[in-house]
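Next come two complexes, and both contain chain A; in the first it sits with chain B, in the second with chain C.
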Partner chain A sequence: MIRRFSALSPSWLFAAPALLVYAVVVLYPSVAGVLYAFTDWSGIGEGMSFVGLANFQAILDDEQAMGSLGNTLLLTLAVVIVQNGVGLLLALGVHAKLRSRALLRVVFFAPVVVSPVMVAFLWKYVYNPDPSAGLNGLLGLEVDWLGDPSVALWSIAGMVVWQYAGYSMVIFLAGLEGIPAELHEAAMIDGAGPLQRFRYVTWPLLAPALTINLMLSTIGGLKLFDQVFAATNGGPGYATETLSTVLYKQAFVFGKFGYSTAIALVLALFVAAVSLVQISYLRSREVAQ
Partner chain B sequence: MRRTFLLEVVMIAAAVAFLFPVYALVTLSLKDPAQLSQTPLALPNPPTGDNFAKAWSAAALGPSLVNSTVITVVSLVALIGLGSFAAYFLARAHTRLGYGLYVLFLLGIVLPFQLGMIPLYRLVTDLGLIGTHAGMILFYTGIQLPFTVFLYTGFIRALPREYASAAQIDGASHLTAFTRVVFPLLRPITGTVLILNAVFIWNDFFTPLLYLGGSGFETVPVSVFSFVGQYVSDYGLVFAGLVMGALPIVLVFLVLQRYVIKGFSSGLKG
Partner chain C sequence: MTDLRHAKVSRGQFLRLMGGLAVAAAATACSTRPQTAAPSGSAAATDLKFVGVADQKAPMDELIAAYRKVRPEVRLTASYAPTDQVQTSLRTQLGAGNAPDLHVVYPGNGSAMSMSQIAGAGLLADLSGQSWTGTIPTGFKPALQVDGKTMMYSAGSSVIGAIYNTKVFEKAGVEAPPTTWTEFLALCDKLKKSGVAPIALGAQTPWVTQLITYALVPSTVYAKDPAFDDKQLAGQATFAESGWRQAMEMYLELNERGFFNDKPNGTTFEQQISMVATGRAAMAIQVSAVLPDFRKSASSPGDLSMFPVPGADSADQVWIPAGVVVGLGAGAKGGNVEAATAFIDFLGRQESINSWAKAISAIPLTQDANSTIDPAVQSFLPFTKDRAVPFMDQRWPNAEVQPVHFAVVQELLAGKATIDEALKKMDEAYQK
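For the complex of A and B:
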């Protein structure tokens, strides 16, 4: 019987073509990237030598790289909190039995499907310093959203949240739709108000959606490139420089490929560490519920 | 009832505020330069289509639409074929190999592409694929396989085994059982895979800039990027280009949007 069962399981050859492409495009280059991070390769020719941890020492001494690390972490934190907060509120809103809910869902999700580089150009206008145009004209303000170093990073965060709040919304919505209506009815019969029902029924059962949302927005925030590249290219000064824009410049402007991959490795380690912590903490929370 | 009405009003107000950038995009693209500077926030009066005609040729949108379409469609076919095939093994094989390969694929969702960016650039150059459609298709297929495999595997795990087993007991091979019986059952998740990968591939900017920049085979975001660089201060013209560049993928999304929420629901269960 067991033999028969395994004879009905597909062979690993089904996975072989996908594995081959994945290995060529992702696995091999990533492993090679880890190795390059310990070299002084300039990108030209074969000349490269292993330099140990010199690239990592250089990152610590590099004000621009360290500043970009700080910017990346701040930006990620802001995006994760606001995007998921807004996404959750939107999901709760469009989950209710509103007449316009199908339309509202499409409206809030639509920016997700537009190219980030195009969204950045659109927001460059929205963030126009001209007091009669864009957001300033609408709100009667005179802020230089992208030109003022103390504001620019938060402006980028606002643009990213605008684009991806709908993405968080859809994932929360899928979570909300998986909660049986009987649980809410039972809580209502027990006399629970809307806030109590949210606290004791909805919120705990949203744990899997929250896990996925926090992970995706954190990873997305840490890797952010297109929006910054198109909107400010890291400026003014280094106010919006992120790890991704710095490693791009080090490689393709300054030709320091070894140093650039070392920065990429730091980025990868941050992403891996955050993912691991989130998975283990949030999964344990899901199980505990 | 009154509370639902109030919520509806609040949500619609939020949607209107949320749409302000889109309002600016559309109205500015329909204004001539005089209206742009004098009444930037008003409705276009009268609206003009001049920006669209000028942007279409200045941004070379025709050729880049063709390039983007070819690259996106072929990559999607490869992703759906390779991804569903691999996921069928990963979801059904309860062996150490199956589990190990699944984890290996998932790793690709977390790894930043920047880590392999430079070695891959070198590899693609050595293969003579810089500036070609084939290079981009290979890249997108590889980079999006983890996500595709993840979606398919979750969905197939929730499917009863019996359909395929019945076909095989009747004498069908694994291959026939998969293509004739299992694959048609995957339609909802294939819809999700299609729309989410299409959005990613169509909109990706950095890699085509690197691999296709200056080749004459640029995709839409790259063409729009260089076009915006040239006409940076002429918002009417720039926005007409953005509207046309974003329209194809927005239309595809509107047709397939019901698969987005469905796909996430099955992902959360899986």
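For the complex of A and C:
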């Protein structure tokens, strides 16, 4: 029997309040944001003119925005690779039959629940440039972690990895828990060593977890703002400026809300495009395996 | 018990249910609505909201309490936050049309929350009718006024100079503050040899980066050409072809001679304070408004004092920066404009100006017999008559030059840019 669509059916009426809230809180600001991207609004006052594609043209000519795109991509690449590598190692570690594994899971996951701004403040102490303090004191180094333009971006990557490696760990752990023990037992009977079992049993079956982790860390990396803003404010100079910090500054420091919204729109489309390409590739890889 | 997941609800029952919930919600909302009506027999209460930066808390708390005695029917609720947060939240509120009745405003035109930018959008009430505005010193008018109309209140001016630890100076055998650039370099050398960092610099905090150029530029630019700002606005002068170059060279000379603490780009404002307050560094080039913060961190607040940074080799060519301190304005679009401007009128009384200026070690906007000036800034007073200029950003034409200045100083300190490149970027930002 074909069910007739009706806006007054009980299911739609039950969903209506949530849809209304969603429309007001999400849809309306999003659509309005898109419209602002084509104006020269300063963010305050009523003076506003339609400027067509001028804001988008300005992005291409904006040295700072283009420089921040490079920083964003480098930061994302570093975070995606290291966070997932560390997350996988942690997951394999806490999946082993250790007596303390429950405690270790909590410890490794704990940074995830801390506010990113708090993490940035905490790591400002860890990254104290004083040779006798923080990481320098611990490792006997004299690195200016956040003050040296050639190091600062990687220092930010380090604090992001520290915070979110536990998140990747949990997703990998869920994947590991789902692998039947019989497969490992069969591989062992066939004479496979630990590395071979990982290569031919664990790794292929972790593909769905890897897909999710890569996609989430890529999106997170491309949108990175809080940690950068709280730790370095985009500096020293422009060394850690990301697309998110540039769009924030354009809106709230320079008073160019329309231009800032254009950057936000480009960023959103960029994140969506990268995510779609990534997920379609990784899903096809899962099927192939 | 009935399984709710399988319960059937007719369309009529559903609508009645939703209607009932709506009535219940409305009834609940009415019953919990705050009582805003004034008690019978008293004047109608007015609630005012103020959003300010952390530096304003001490003077505002004191003056709000004083205002309550004069106008008990006005309830003024104040909240404070660091500059970056206030800039974000307040600009959002201003844009959305729900700004507080009173809020922080920066003098001049150099930042997104500056008086000219907000007044230009029609969001600041005109205060020109208030009596205190008639006594604003001529030199401060560009910072507080647009087209002759006063759009913000400020309690006075602060200066930029060297906040120093007198104990550290004594220990190094320094007898008197320097009066020329050569003497300043010799002083730094002496302090360095005594084993302390001569100058603490917290350049990781962006606004701190600008203070050394601001301290030097009055002597290298304005002492030679007091009309520099007007010429720059007219397109007849640039950063690159002015004494700004000399000031940047002097800034870098201090860095190259090792007169700053190690790794200034990785050092924060808070660490800068701590270094001077605890004697690990001898001085910090800072704005006098943060003197109370330095004193709070020192075990003996009396050990801290200030002197003007001599940016010239002849003492009579030394000029200083003296800028109007951050103040507040009244929203032009709110429902309490009259009550909000009345509070500012109260702030404009001489005793309020004195009280505010005292709390932040500022020089009062206007002075009477009860005005006090912090002993630490007494040495600046001889300059304020004819050898002082407003902070540079207060006359810049847009909000972009200042952040570029922050960034290029960090690049210069890191050796990632040349002075030519730095000044070119500032000139480009000025033209936007």
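Descriptive notes on the structure:
Here is the rule we go by: the second predicted complex is superposed on the first by the 279 of 289 C-alpha atoms of A that agree within 3 Å, B and C clash if a C-alpha of one lies under 4 Å from a C-alpha of the other, contacts with A are read in each partner's own complex, and residues count from 1 in each chain.
We adopt the following convention: a residue touches a chain if its C-beta (ideal position, glycine included) is under 8 Å from a C-beta of that chain, and two chains touch if they have at least 3 such contacts.
Because the structure is predicted, anything quoted here is derived from the model rather than measured.
Touch criterion met: A:225 reaches chain B, while chain C stays clear of it.
Of the two partner chains placed around the shared chain by superposition, chain B is the only one that A:110 touches, whereas chain C remains out of contact.
Contact comparison for chain A: of chain B and chain C, B touches the greater number of residues. Legend: residue contacts after superposition of the two complexes on their common chain; A:10 is shown touching both chain B and chain C. Of the two partner chains, chain B is the only one touched by A:118; chain C is not. Once chain A of one complex is fitted onto chain A of the other, the partner contacts of A:249 are limited to chain C, with no touch recorded for chain B. In the superposition on chain A, contact of A:149 is made with chain C only, not with chain B. Contacts of A:138 after superposition on the shared chain: chain B is touched, whereas chain C is not. After overlaying the two complexes on the shared chain, residue contacts for A:178 are found with chain B alone; chain C is out of touch. Within the superposed three-chain model, A:268 lies in touch with chain B and out of touch with chain C [touch as defined at top].
Note: residues 8, 10, 13-14, 43, 130, 248, 251-252, 257 of chain A belong to the chain B contact set and to the chain C contact set alike, using the contact criterion stated above. Interface residues of chain C, counted against chain A in their complex, comprise 9, 11, 14-15, 18, 84, 87-88, 91-92, 94-95, 111-112, 117-118, 120-123, 203-204, 206, 262-268, 398-400, 403, 406-408, 410-411, 413-414, 416-417. By the touch criterion stated above, chain A contacts chain C in their complex at residues 8, 10, 13-14, 42-47, 124, 127-130, 144-149, 232-239, 248-249, 251-255, 257. The part of chain B that touches chain A in the complex is made up of residues 4, 7-8, 10-12, 14-15, 18-22, 24-25, 28, 40-41, 78, 82-83, 85-86, 88-90, 92-94, 97-98, 101, 104-105, 108-120, 123, 138-139, 141-143, 145-146, 149, 161, 164-165, 168, 174, 178, 199, 202-206, 210, 220-221, 224-225, 228, 235, 238-239, 242, 245-246, 249-250, 253-254, 257, 260-261, 264-265, 267-269. Note for the complex: chain A touches chain B at residues 8-15, 17-19, 21-22, 24-30, 32-34, 36, 43, 90, 93-94, 96-100, 104-110, 112-118, 121-123, 125-126, 130, 132-135, 137-138, 162, 170-171, 173-175, 177-178, 208-209, 212, 219, 222-223, 225-226, 229-230, 244, 247-248, 251-252, 257, 260-261, 264-265, 267-268, 271-272, 275.
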